[in-house]
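Each of the next two complexes has chain A plus one other chain: chain B in the first, chain C in the second.
Coming up: the complex of A and B.
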């Protein structure tokens, strides 16, 4: 594809950038790990004396936690901070000087860091798998393929949401409040906090019609084998559809955002 | 038609006004008041291909706003801009490919990757053919002395290195027009000279159109032939540097060397109208005078009468003085349109 090479190069550079920030990434990962451990014991206490809750066995719950942790490692705060940072420190205007599409450029950078994040967290999780018994790993290769596709779609949906949250900074002067609100909503409605099956009925219904479930709920359910193969395929199509819709929304929002800087001087 | 055509260019910003104190801040949440600030009010400018123009004015005059509109990162409130036939805002991508820009206060290099790789990335972004990229890069490395820091990451560079790298980064794709916004700010004399020589060669040898904003008047004299002065969002002078100097540099200084008696020299100073004598060291003094009141021959012959002059030298009229006076509102410049228009 013509014109794609520049974005590939940006992704590669972003990979190098991520390596430069490996220390903070590892710190971030460690804090995620501590949360994971506390969640593990919390759920362990909840499951004491029961074999199943909301359709989850204790074994499935452990797997769910691990998959959630993995998905959370992808597209870290670093990628998120980079988008809003560009807007807040005004360097976005330098980006406008280059023959680059802002959204594609940010996506390329995100994918670049993702590769590093994926490898690092992948290694950590393999280590965790060795340390804990009782994690159920799917045996069917088809499930693995579907899980990987679903993970790719999950990242695209998350990017769509993160990108638009970042663009809000064109209208607000800070990013903290916006990002925290984004994280709170995403965590609840994606199933990152608790599986969606634990939520009250109406909230589950709401989550089903929103894009957030594509981030954690869908890939985790595929991994756990909660869907039949055709159902899983349908969910993956839905995920990609959401990714496309969010991409278009991001594009449209950028048009408004760019007016904001180009009219008011940022 | 010029390379850059600007007609009736205007930019008005809306600024929020807050009443003082906490009460004011709270009030602002509910009733927002705005004032309009005109940064650029009706500019006409034509720049021909291959020209080097200095675009100067005091802080807040509207220089940067104009440059931002020319580069397509600000949309004009009204008026029209064509840069090589392209509307820089509507056709941002096309405009971006044919221009280069250096902002002294900001870097375009990637902070965490080596300079060399920043350049390689730019090669892909601008889709520069391999051979042209190699040729340009090698030339820049040599002319700007970049060998020593190509392997360093952006954040490790000194200011002088960063500016040279930024300059190279803006030129790798052979832009026809280059905007330089304070390219020598904060640099030492050697690096300044290096950059000026480089930009001058770019203009004279490759015919690249240069638009330079700066507060360093040496930059202007070294690089540009044409001077545009802007104040309060309007162009108040547009013409050659020579013309403005001839017309408005009223003060001249002659430096003398020789033997003299201080008291007689002081007497002479009192006699000469609008002149001032400064004794620098034994055997060296200078006379500063208004050349419209007293001519240089008059000054020299008078001085010869009271001192044994061994040597003398007339210093060049200083553009700085003229521009300083304009900034201070000391002189009104008539709108000269000698070039381009």
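Coming up: the complex of A and C.
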């Protein structure tokens, strides 16, 4: 693993970067919290006078919201903007000169910021758990292990999608539209917007055959104990398989994309 | 400086049409932005539909009423993007010293800033949002008299004014914030999440916050209460124009305060 060292130091560097921009980071988290609070009250009103909806109790729904929030905090806007930013401002030309693989380097950076994002949002969730009574936390250690593995896979799948979306910027002059469209599709089909069980059947079927469900639906369902242990293991394998497929697609796309590059002077 | 509204409007139009022409040079980007805005808004409609497929109403508010509120947030956002995207460029103007250019010209710097950019995503938001509003209004019985038409127009205009004022005011945080992200205005923008649904579902603190501190409720909820005749809340709706004046006064105040702190970059 001699080649890995340079990527590790990139990850550490990116971790330090996230710490340097902590104000922006905390404000972004606040934005996420606002959404979380609004959804919490909304679902509370929806569940008023009902014990169960689409297989979710109010307790499970609260847990689902928290887990979704946690997964959303990982691999934030910041990591996403960094990939497209490099392409749009032309600094990708410098990356081409470095003896690094672009994809691996970006992944290393993402993982670096992720460490901070994970710790901070983890602390926040623990605080929120104290504030909201009646969250169902899994008791079995096996479920916890599976959830952590599933979360790791979720990040890899999300990276795969985010990376390819970023590469689209080789063909466009702006990143907002592309990123917004990516977020809209991901939120709907991953289950971040609403648990997939609430969607019409044809959309559920569609979500099942696409990689997006690996981002939120699978880890959240594992956390809620909706799968039996062997089923959960199967889903995790599926997640990692998607991560690998998306990684290969990203690699292949990079080869085509890099030919599009036009760098103005410099 | 003498205020000349006609000349102001004329100049605004000249500025913004130049921007639109510039944007249309890049057709692919134009379409991506429009489509992405439509997708984002559509996703919210899917959410509302998914919820209302299981329950008939939330706190006494029906599907079309919530759709109306939701669409109001997006239409005003769209108008803000299409015609006043410049508010979102404040950070760059301040940090790069580009504000100097505006301050030196014999035209109101606020006007120049408002007209300095165009967000074509606004077009997508306005189109889908207006369609949603039209459909939702057809699903409720409203007796249109001269008075209701007048008030509807006033409330909708106030809604747009409030929205732009919130964008403008929150983006003026650029004068204090030297970092390179729009984090503060984005967080304020996100407060709008509370106004996509009837504020009756939230705690009193939140209700007060989105009515008084950051008056997003006057963009969507109160106009909806007026139009759909939710008696308990209708009387507050009449404060809409006042809220618009208040929002602009605060935003302009923040801008003036910030401007006093502004130091050029010196090039």
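A few notes on this one:
Note that in this section the second predicted complex is superposed on the first by the 261 of 266 C-alpha atoms of A that agree within 3 Å, B and C clash if a C-alpha of one lies under 4 Å from a C-alpha of the other, contacts with A are read in each partner's own complex, and residues count from 1 in each chain.
Everything below uses one rule, namely that contacts are C-beta pairs under 8 Å (C-beta built on N, C-alpha and C of every residue); 3 or more make two chains touch, one makes a residue touch a chain.
From a predicted model like this one, the values you see are computed outputs, not experimental measurements.
With both structures placed on the common chain, the touch criterion links A:237 to neither chain B nor chain C.
By the touch criterion stated above, A:91 is placed in contact with chain B alone, chain C being left untouched. When both complexes are overlaid on chain A, the residue A:46 reaches chain C alone and has no touch with chain B.
Of the two partner chains placed by the overlay, neither chain B nor chain C lies in contact with A:129.
Look at A:10: by the touch rule set out above, it reaches chain B but stays clear of chain C. Looking at the superposition, the partner that touches the larger set of chain A residues, chain B or chain C, turns out to be C.
In the superposition on chain A, A:245 makes contact with neither chain B nor chain C. In the superposition on chain A, A:176 contacts chain C only, with no contact to chain B.
Residue contacts after overlaying the shared chain place A:142 against neither chain B nor chain C. When the two structures are aligned on the shared chain, A:259 is found in touch with chain B, with no touch to chain C.
Within chain A, the residues touching chain B in one complex and chain C in the other are 21.
Contact residues on chain B toward chain A in their complex (touch as defined above): 13-14, 65, 68, 71-75, 89, 92-94, 96-97, 99, 101, 103, 106, 108, 110-113, 117, 120-121, 124-127, 153. Residues 3, 5-6, 8-10, 13, 16-17, 20-21, 90-91, 93-94, 96-100, 259, 261-265 of chain A are the ones touching chain B in the complex. For chain A in complex with chain C, the touching residues are 21, 23-25, 27-28, 30-31, 34-35, 37-38, 41-42, 44-46, 50, 53-54, 171-174, 176-181, 183-185, 187-188, 193-194, 198-200, 203. Chain C contributes residues 26, 28-29, 32-37, 39-40, 42-43, 46-47, 50-51, 53-55, 58-59, 121, 177, 179-181, 183-184, 186-187, 189-191, 193-194, 196-197, 200-203, 206 to its touches with chain A in the complex.
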